[in-house]
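The data blocks that follow each hold one structure.
Common to both upcoming complexes is subunit A, partnered first by subunit B, then by subunit C.
Here is the complex of A and B:
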């Protein structure tokens, strides 16, 4: 027992150090985002903020007012919220229909969805951006339909997996009570599937929010920049790169993610686990 | 009920199916066809048979990217899984102080996007390199490769750890107690009880890390962009740069052929995974 306790103490100390190392990269960006432009350099990134190099919140102000961070954040938010909402509603309805009707066409469609999960994006990046251009899907609102098509694989797969576990009797009872299929879906099936909605919602949000290549190729990126495009645009070094505002942008990207994560940690972790086990 | 549901397909299936056709099926089919063509834009393809594939397979940069990706994937798969499993084993010990807080911290990098991660690590690694007097990332192939490995470890260990913890917690406690009663020590319990019961989880994590490694793009683009001169370029980035940063009409077709080869590779890996998980299910 004494030995167990010693081992636990050593492990705790070890993991405390490791955790600090784990958050260090983020801490480093925080420090640099508070420095003035001239003290941010390749070899001095590890220096802490002190009175000699502090810039206050100037970098944040510049990132928000001059570098287009606010609009990038808004575009990212609109695209993510709309796409995920579309995916959740349309794909859950589609999955329920496909599982319950289960005709040959439905089975074919289902296998196509599953197949699409495996295909890497590079396979269709060129043709997809062409299709999107020719159909006018290259604006922040219309790109959501592409996300619906592209995110359907995982979503339908996960919803269908859950629908198969719902006993048919519940839905039949609703039909006997006079519900049409739409009412049955929204009043009976949807509430039962709530945990799956949360899991799918989390997985798709993580994907859309962080996605770089699809919006970069599909959207007119001189007009619309999402957050990943903005960061990559900075880095691409068109002219002089202002490092301070850049660091401030990264901080403003990370902080909302961390806050959301800390608040909804339980859901995020269980969503990720169920997604992995089924995928 | 099924009968009355049938006629509701325009509402239930059509939106998803339409988006899927335009977002996936058509681009996929077009992409497969264009891999046999020479083209600059989608409207003027000329059929050239298999010559794109021949050119892709004889492109030394593509071969380099393939072997680098294979090396990267093997390195990352082994390291991520060993470390994540070790951490998960420690976190499932009884009465370990701070487990929840540690778990929260280790998982966090997973939520940050690849482009941002790549940029953070570029700053960090360049600072280390500058302070030890080495060439920076843009000129340093070795640092580019190992930097990408470290970045991927930072991102994925937490994710795999979570899955391993879930797997370990689902092992019935009777098994562990039985092992204890039989006098098994910690090492024996690990190899004879925990790992055999964890095999389905291990398979899942192995394939997740393998496919993630093969498909890695954002991190590669943001950390080094393939510099110096394409030597730190993985497959996905190689395809991208063949498409968009090489001049000349033939490269589009070659890029598409590379993409098809890449796609077939990923499908092959997934099929192996499917077979393995299926056979495991039968054994149980």
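Here is the complex of A and C:
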């Protein structure tokens, strides 16, 4: 008992320090986004906001008025929403099929999906950007198919893990009640999988929203900029960087993802299936 | 209501021999059970012939792995039928989808939809059939009333107890007003007390709801109390089909005799000897003359030569006797278990163990107690003896 308490204390202290270390950079970005640009230098970057260097919301105004901010935000939003929606719908159906049919082909397909998780993006990025160009996938509306491919590994893996825990009898009951497979999926399986949808949704949203390399390589960056690409454009010529507006921009793009996380995490509840069958 | 005919139904799971999983693991199923393995595969059910009459309640019973659930799932359409014909009201339904067979099924694990309320669970099938909402409401409320679950209509399944959930599952079946109710061990997940209560309610329900019932259980008490007829299965084969009375009083073979009855029938090896017009059972220490009726049947059916038999006597048909009674057999008490109204006494006689069920009143009247190691005398009626062929296990005197 005593020993357990000590361990708990040590762990609490350790994780507190760790989380502070993670929060600190974000806190500094917030501080710097409120500072006057001349006070963001190598020596002054870590100072807190005070009367001597406060710039109010000037950096935010400047970031918002930056050319292309609104369109970049819109492109990021479109890409994220369509990609995540596509990943959720296609991968959950695929995982359900793979688990329930369980033929040799399905098993092979499943291992292929899992294998795709361990292939690093850097290994195939150049061939991919060529393929994307030749297939016309280099627009913000088509890039979601590339995201579907990259996101499928993790999503199918997570969905398949969950589908295995759904008792088969529930689906058999639906069959007897008169559902065809599509109805069984949408009326019975999908509602049961809600917690997994949310977990996968959060992970994929964070990844797609923050992704820099894929859109940078695939999209025609003169026409389409996403938020992470736009942030690069705060670097002017001759090595000049508009640090204040850049920090403000970073703060603004963090907000949606934090909101998504906070809203969704309430719904991640375990034991949604409890009560369906004995146990 | 409907008549169901199963003609020579067979179920074979295709052979997995030689097919190995990714890591060279063999499928487990083949080794686990006593099911027959042919070149086609593992035979789960074979030679299944049964006609279930309109409105009849038939119980399939047997130990696990005997093929009873497989048979039920074939009737439901959840498993393909390998060969044979399944007819519901004269229509061959082998290849008809489950939803078009006009059946309802209750599962052992309830299988309620966790995301829907009780009301929605029950209304779901009717909604899919696009029944008028007012009609759905009436049917659901009627069924809920019958089953006493009206107060829980707005709850989700997780907020219900096991018994209530099973009622909802039954409710889901009865709102459809199906021709056939299929029940796959619906009471197995309930605790003993609730099971008894639900069993009684099922009997009542059966009179309220018109429909043909096929019920699967491994519990012989349920089979005996619920069924109009019982189908006893083992290793994929039907062992006997008959009314509860028939299978209890005239078991077709050793397996049925041992399976039906609690505690199970006592068996002992003996030699059957033909002396004049009489038949005797001989064991190493005893010589038991058989009843004239039994002798008559034996003279018709029994072929001399196979004298090795297994004799069976139900524990309830053995009573205590005085030591000086000429028919008395004596044995040593191993254990006695007081069950309340009866005492189960385990006795060893000539190396084999017998169980006697003695009503507590008799036991008190005798004024004795059954101490371990005590010698007691008992006897049984000649008519109580069942005779089975030692080799084939078949009942030798079954009419």
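Note that in this section the second predicted complex is superposed on the first by the 216 of 279 C-alpha atoms of A that agree within 3 Å, B and C clash if a C-alpha of one lies under 4 Å from a C-alpha of the other, contacts with A are read in each partner's own complex, and residues count from 1 in each chain.
Definition applied: a residue touches a chain if its C-beta (ideal position, glycine included) is under 8 Å from a C-beta of that chain, and two chains touch if they have at least 3 such contacts.
Just so you know, these numbers come straight off a predicted model, no measurement behind them.
By the touch criterion defined above, A:45 reaches subunit B but does not reach subunit C. By the touch criterion defined above, A:149 reaches subunit B but does not reach subunit C. When both complexes are overlaid on chain A, the residue A:183 reaches subunit C alone and has no touch with subunit B. In the superposed model, A:98 makes contact with subunit B only, not with subunit C. Between subunit B and subunit C, it is B that contacts the larger number of residues in subunit A. In the superposed model, A:1 lies in contact with neither subunit B nor subunit C.
Of the two partner chains, subunit C is the only one that A:169 touches; subunit B does not reach it. Common to the subunit B-facing and subunit C-facing surfaces of subunit A are residues 172, 175, 272-273, 276-277, 279.
Of all residues in subunit A, only 107, 111, 167, 169-170, 172-179, 183, 187-188, 191-192, 194, 271-279 touch subunit C in the complex they form.
Residues 1-2, 4-6, 8-9, 11-13, 15-28, 30-31, 34, 41-42, 87, 90, 93, 95-98, 101-102, 104-116, 119-124, 126-127, 130-131, 136, 154, 159, 162-163, 166, 204-205, 208, 214-215, 217-218, 221-222, 236, 239-240, 243, 252, 255-256, 259-260, 262-263, 266-267, 270 of subunit B touch subunit A in their complex. Of all residues in subunit C, those touching subunit A in their complex are 22, 76-78, 98-99, 103-105, 107-116, 124-125, 128-129, 156-160, 162, 165, 172, 176, 189. Of all residues in subunit A, those touching subunit B in their complex are 4-5, 7-9, 11-12, 15-16, 18-19, 22-23, 25-26, 28-29, 32, 42-46, 86, 90-91, 93-94, 96-98, 100-101, 109, 112-113, 116, 118-128, 130-131, 135, 137, 145-150, 152-153, 156, 168, 171-172, 175, 180-182, 184-185, 206, 209-213, 227-228, 231-232, 235, 250, 253-254, 257-258, 261-262, 265, 268-269, 272-273, 276-277, 279.
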